[in-house]
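The chains carry the letters A, B, C, D, E, F, G and H, assigned in the order they are written, with residues numbered from 1 in each.
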Amino acid sequence: MEAREVLEKVKNNEISIEEAEKYFKKEPFEEMGYAKLDTHREIRSGFAEVIFCARKADEHLLKIFTRLYEQDGEVFGTRASEHQYELICEKFPEVVYDPLSHILKIEKKDKKRIGKIAVCTAGTADISVAEEAAQTAEYFGANVERIYDVGVSGIHRLLSRLDTIQSANCVVAVAGMEGALASVLGGLVDKPVIAVPTSVGYGASMNGLSALLTMINSCANGIAVVNIDNGYGAGYIATQINRMGVHQDE
Amino acid sequence: MEAREVLEKVKNNEISIEEAEKYFKKEPFEEMGYAKLDTHREIRSGFAEVIFCARKADEHLLKIFTRLYEQDGEVFGTRASEHQYELICEKFPEVVYDPLSHILKIEKKDKKRIGKIAVCTAGTADISVAEEAAQTAEYFGANVERIYDVGVSGIHRLLSRLDTIQSANCVVAVAGMEGALASVLGGLVDKPVIAVPTSVGYGASMNGLSALLTMINSCANGIAVVNIDNGYGAGYIATQINRMGVHQDE
Amino acid sequence: MEAREVLEKVKNNEISIEEAEKYFKKEPFEEMGYAKLDTHREIRSGFAEVIFCARKADEHLLKIFTRLYEQDGEVFGTRASEHQYELICEKFPEVVYDPLSHILKIEKKDKKRIGKIAVCTAGTADISVAEEAAQTAEYFGANVERIYDVGVSGIHRLLSRLDTIQSANCVVAVAGMEGALASVLGGLVDKPVIAVPTSVGYGASMNGLSALLTMINSCANGIAVVNIDNGYGAGYIATQINRMGVHQDE
Amino acid sequence: MEAREVLEKVKNNEISIEEAEKYFKKEPFEEMGYAKLDTHREIRSGFAEVIFCARKADEHLLKIFTRLYEQDGEVFGTRASEHQYELICEKFPEVVYDPLSHILKIEKKDKKRIGKIAVCTAGTADISVAEEAAQTAEYFGANVERIYDVGVSGIHRLLSRLDTIQSANCVVAVAGMEGALASVLGGLVDKPVIAVPTSVGYGASMNGLSALLTMINSCANGIAVVNIDNGYGAGYIATQINRMGVHQDE
Amino acid sequence: MEAREVLEKVKNNEISIEEAEKYFKKEPFEEMGYAKLDTHREIRSGFAEVIFCARKADEHLLKIFTRLYEQDGEVFGTRASEHQYELICEKFPEVVYDPLSHILKIEKKDKKRIGKIAVCTAGTADISVAEEAAQTAEYFGANVERIYDVGVSGIHRLLSRLDTIQSANCVVAVAGMEGALASVLGGLVDKPVIAVPTSVGYGASMNGLSALLTMINSCANGIAVVNIDNGYGAGYIATQINRMGVHQDE
Amino acid sequence: MEAREVLEKVKNNEISIEEAEKYFKKEPFEEMGYAKLDTHREIRSGFAEVIFCARKADEHLLKIFTRLYEQDGEVFGTRASEHQYELICEKFPEVVYDPLSHILKIEKKDKKRIGKIAVCTAGTADISVAEEAAQTAEYFGANVERIYDVGVSGIHRLLSRLDTIQSANCVVAVAGMEGALASVLGGLVDKPVIAVPTSVGYGASMNGLSALLTMINSCANGIAVVNIDNGYGAGYIATQINRMGVHQDE
Amino acid sequence: MEAREVLEKVKNNEISIEEAEKYFKKEPFEEMGYAKLDTHREIRSGFAEVIFCARKADEHLLKIFTRLYEQDGEVFGTRASEHQYELICEKFPEVVYDPLSHILKIEKKDKKRIGKIAVCTAGTADISVAEEAAQTAEYFGANVERIYDVGVSGIHRLLSRLDTIQSANCVVAVAGMEGALASVLGGLVDKPVIAVPTSVGYGASMNGLSALLTMINSCANGIAVVNIDNGYGAGYIATQINRMGVHQDE
Amino acid sequence: MEAREVLEKVKNNEISIEEAEKYFKKEPFEEMGYAKLDTHREIRSGFAEVIFCARKADEHLLKIFTRLYEQDGEVFGTRASEHQYELICEKFPEVVYDPLSHILKIEKKDKKRIGKIAVCTAGTADISVAEEAAQTAEYFGANVERIYDVGVSGIHRLLSRLDTIQSANCVVAVAGMEGALASVLGGLVDKPVIAVPTSVGYGASMNGLSALLTMINSCANGIAVVNIDNGYGAGYIATQINRMGVHQDE
């Protein structure tokens, strides 16, 4: 829930002054010793704090997960391992784990989704990163259209789905190897393209560095790039853009 | 003029069927031998074609400039040299050249500007790139707020301008050297941050590669990156986002 | 003239035994002290020796040029400067210089050209490299079709010329910046694509290294890559392939 | 089967109109959700689609393998693991797996092979990549001559096999460490050399990047390079070239 | 014990001439065949020799550990494995192992600690490196204040702890990903900042190289950088600086 | 003048309350449009703002120089060109320019200098960077001992000056090429060594990157590194450390 | 046995004409299908062929090992694994394996050793590479002096062994991390220094690349460099040089 | 003159005790403020000090040149410019300058030359570096055989000169572009090969880095590498080796 939404609800008597007060009176962060939970993040950015699970100690993960659950009633974790799923599952049996995207989450039911983001991949091996982007965007309230395996070596596959892609508020282009997909998409749509290089490839792909360079040097306009395999980051900024586009259509 | 605008104007009788027809009937590109002018770009993307002047032969530049002027009544060129300004000036005395941003343009009068984009720089040496971004956005119809010299080594300067920055639809963060500005901005605003690394710096800055890596690895969310010194690219995508935000506020 | 041609001409009484003998009896190389002219190259490879003019001392260039002219009646030099043109021109007024491709040559009249090579560029700034490839291929006896400015950011331009490209025996794809053109072409034709990265670009293009990586990592098949800006090398291998394709059609 | 072959067979009454129709009427691709099988590839390129097995999920691999088998009656997979072999073997006991090249295939009997490709390696450790190239070329219908362990540190080994190498339509040069083999071969033959850098080496070989640079910078002509360890890509383009050379000799 | 301390104690009759003699008469190093223990290091530098455990053979580690224990009555080892802990523990049951920092040590009781060093981390994953720095400094006699998880994406967390940080004689800034923390700290304090890039991150972080470059290019003053993950090195130089600052306050 | 000095002077009646008030009441920065002068820097860090002259426009440089002169009565500029010297000299004839270090300054007379910093270079070509460090430290009030041309290829030269080096509070090691000087110094002194890689060298020195890597990987302790050619940065942090050491001796 | 030695022995009636004939009549290489044993190597270079065991298939290793043993009566293998030792040991129980250097060998008894090579290491972790160099040199007939753990951070350890080092015909300098040892040695001896960078280190050592760059950029003369961890290569060239120096002293 | 020569001459009454004393009594270095002339170098290394002219200030160069001339009666400078030649020529009209190698020297007449070094280049553009190596070796007393333009793309040129190359005590291999020459030479000779990568090339040659990597990764034995374009370093170490080989033959 964004700050403005809270204020609007107060104005419309949808929530009480006390509830709003509770929202704004949160300490800006919660000191946990090994971590400082950024409890003000949602007020500041419109997005709740999310857990980057990789490398977290079991004890720390469990505490942070619990704390965020108590606060928000839902939790979203990225880069979680099978082991971490089992750990959380013991305490929160309702937790859901997707081994493809490595997302671990408890999500509130019946959340409204708005607008449209098109998530495209060059190949099938890019899908795990694309799913991180897509599920992030969905968690934060966006509708997502998945268009997978439309790499430039068979461009008719991409062209056949152009209508869907062009109707989105934002396009996420996920590609490894030479990463040319972003440039082709950039030339075909009039909305921002968020390019995600992936570590898919071998040899001179240098774990995605080559795809990153391709996307950064794109000759097409309207493209900006996030880190290699950073599906979460792409889903996040795509959601920001989608929110603007959605309001626009209302 | 975007395609939708044309259609709306037809509906509202603001332009004739013939004028609209002329807009849509343009050949998708115009063959000039050494170049193929992408005359459909505006229909496809909502942005007119722009000239990247660097490395263009005098003869080619003049012809392309002339052709675009005939078509649109205004022209926007980036990375132009003093010499190219003089060349164009002979034929088009009304052309304007800014030696700081290296932009060469003829712009229609009284164009309406909408929304707000905040263009921030870390230092004064980053201003030339920032101006390329700012003037690009202005040419394409956005209001731009300039917040210069707010690098992280004196963070109170940035914090003092936070209200202005937070009220923009999109923030452009221009920084060389270590490029940390983007991360700090990303943590403070709830709108997309387009990060532009610059070649400002020396030694291990490696002509901007270091700043690029900083921005790509940002720990903050809502950040996406364009090429080193690519002010134009940042201005372009910021304009796309601003348009969505602007419609939103109407 | 290839070895086989000489032998066929002997068989057909087109040239005398003595002339053929002279062709084969050449010393394998000619010692010039600072250089060893590879006079057997044509016998071994079917291509006469060519001069890489860059960095050659005036005196050396003149002697080598003269020696090759005496031997073959024509000479082909790459990467020649304006100054080198003037130097050679004093002694050989018939020499021709192209300031775009930096080719300096004396070419026999009415040479027969065979087959077809398609030379494509992503942008106009890539044309100087493309011309080096095209003129090399023409000098060695190939027909060349030039398809310039068909970069992937406006893919309709490329698609409009697809028939011509698909009818060639070999496609040369010349592109700087992100170099995505090669991958798209690779997916559209059934003949080998020789990819030439160029140093066109700025920032993270790293003088063509980025385009080189893109092309090496291409997800499309039938693509092989030469050095950055190496138009000559691409024209050479394309000619080898074209010769095979041409014989095929006879 | 290439498109032209189909047409020629129709003309010669070798196949019925209906069969030809079936060949051309295939959908351009087959949507499988997680993948889009490029069923038109053979028409477009003369090569059937091949499976890059690495990273494919078991379920996906099995479905794609099955689908391609149904379509073509043969299947060719690269970079397959022992585990994937066992997976496919359960359903297709006739599948053949080569643990050296990691190729997994079902191949039609008595396929005709034409022309000649010479596949050379610098050392014995390069053989696994060379076999990927050789078996790819054989699958697509080329005769292959293997000349292994002829690295430049004992050049008499290479020179002793020169006749065989020079008689091929295309030479594939596979080398790791410093990768000098390609340059030496390029100077000795008059046909195209496709250079494949391998990740064989240690220290400053940087997993093949050093060999890749050597090959890209080759002082010899007629050389073009594919990705590190990309035996498949080299076998593919060598087959394209060999087909042209074969037609030539008929 | 530093040389000056020894001399002062002699002067004050705190230790006998003989004890001081023993301190200074140590051979400059002790030959162990596979190693040369630098027994003069403490005289020369004021810091006892420390064991870098990684890659040490069991037999060697045990001997060196024993030898240093005999000499100093305490031992400090970095980058020790669980296995090495067990090895040493058999002979020295009093040894202490911290699996987070991988420090293995026997430390004298009741050592006096002086001054103050602030050790800050950007995230929780940086804590293992930070602990290596903090415990090193503590072993060598400094008071350490830990300020963890104060990365720049939520800068209010850092600002809330500014008083503590500003009161230290030296600040250690530990950060991975984009490493921007050092620059922000450098602008806020008047004491030296020792920056430690960590290998925390993924993709273009290139195992800490990106954070290293960020810190080296910092636009703020008073920052110097040690190797990636080199917590020990940072703790060492911070202790040198802290000693100077402490004397200053006495 | 540091904040503490001001307060002590107030206490000792050396300055009036009004003067102290003026010192603290300065705006935190002064907005100049293209720049924000960080006028609080001295209060915050104990060092006055300095001008990085490179790339500054004439008009901007002059204004900033003037403004800082009005405020502090002295100005220190680094990386100034001959042209910039002439520019400033017109208005401030007392300005002093050193073409070796490119420092441009007006300095108050009879400033007290304290402590000792040893600035060492490996070769003579490193002296320009060393002078930037030395003169920076002198400007900020440190005594500097210059020990030049003591590179490790003739280590007796370094050993002959060891006494001087060991008596300093901080050592600055300036070296290009392989940059080994820092490691040798680190093993010989008990005070912090600030290492400055220089761009001196050729070939694989890669403009100082190689020396930077050497220094970052140093096997000696007590070493921290600043950017390539960053003499100013080294002089700054050495001054911070020297101040602590000096107080210590009082 | 070198060719000259054979000839001298013939002249001195130490071996029969037949034995000498057998030595020279060997085929230049022995075709084994997957490998071509370079049986002429000893005649050409004075060094018998050696086996690089890493990555060799069991079957191949055993055959090559057997073949070389049959030919020379001794075999020298580098980079052998524990498993390969067991494999060879079954057939050749006299084989000796050193787990530190990974050398696997059968060596003739009572081989004469000549001259002197000094093998120095910076630290103890470099010893495994140093032993590969030392044992290679010993196998090929050189006396070796080992001087380990004399890195530049405690330079008195190196200086104490200078006499031994200066009396060698060739010095091998083995160092990881910053690799400064080679430069210091180069300045202290009048014989060639062969520098071996090692992969010892972490962070910015980039697996030895940093040490390699240090050594290549050395400011000292008389230094040449081999690949990272290439102890064998260093031992080989040092033996070549030592042989020349030994003859010199006879 | 080497130390041993001096002593032998004393023994043989060729020089007086006083002259020998003067040789040995030189101060180990001569302090010139901006430089420390390493006057003991010849005693320590057998090679007189040489001037690296690049970047030296006029005044410094003249003084150092003069000082060395006074001491040795001859001087050798590398990387000198035309301007520096004119500077020295005014005072020393007998100075000789070679614009190809950029060597500036005064050399004693009738110096004896011994042994043989073979200096080979791949192309003609590598000759300037090769001449630096050759003239360095000649100045220090070696006979040099020049074998230029024998790159691997026409390997018959190299093979035709094999006898000469094989008879040298040391081979210097100078090559740019892909640098394959060193590997081929290493496989053909039984003496050390000193490899010199050059900056000749373009594109992915990265100013010689690619050739350096090739040479470092060489599959041939007996090769060690110096810095890019470091002809002097190669000539120096080749002279060291040649001296040993020459003594051997006496």
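Keep in mind that, in the parts below, a contact is a pair of C-beta atoms (placed from the backbone, for glycine too) under 8 Å apart; a residue touches a chain by one contact, two chains touch by 3 or more.
For each chain, UniProt lists the protein as follows: A, B, C, D, E, F, G, H = Nickel pincer cofactor biosynthesis protein LarB.
Because the structure is predicted, anything quoted here is derived from the model rather than measured.
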Candidate from C-H, B-E or D-H with the same interface as F-H, over half of contact pairs in common: C-H
Chain pair, C-D or A-E, that carries the greater number of C-beta contacts: C-D
For subunit B paired with subunit F, centre-to-centre distance based on mean C-alpha positions, whole Å: 39
Centroid spacing, where centroids are CA-atom means, of subunit B and subunit H in whole angstrom: 55
Centre-to-centre distance between subunit D and subunit B (centres being mean Cα positions), rounded to whole Å: 46
Subunit F-subunit G separation of Cα centroids, rounded to whole Å: 48
Residues of subunit H touching at least two other chains: 153-154, 187-188, 203-206, 209, 212, 216-218, 221, 227
Chains that touch, pairwise: A-B, A-C, A-D, A-E, B-C, B-E, B-F, C-D, C-H, D-G, D-H, E-F, E-G, F-G, F-H, G-H
Interfacial residue positions of subunit C with respect to subunit A in the complex: 122-123, 151-155, 177-180, 183-184, 186-188, 201, 203-206, 209-211, 213-221
Interfacial residue positions of subunit F with respect to subunit H in the complex: 124-125, 127, 148-150, 153-154, 156-157, 160, 200, 202-206
Contact set on subunit G toward subunit D in their complex: 28-29, 33-36, 38, 40-41, 54-56, 60, 197, 199, 207-209, 212, 227-230
Of subunit F, residues touching subunit E in the complex: 2, 44-47, 169, 187-192, 194-195, 212, 216-218, 221-227, 233-234, 236-237, 240-241, 244-245, 247-248
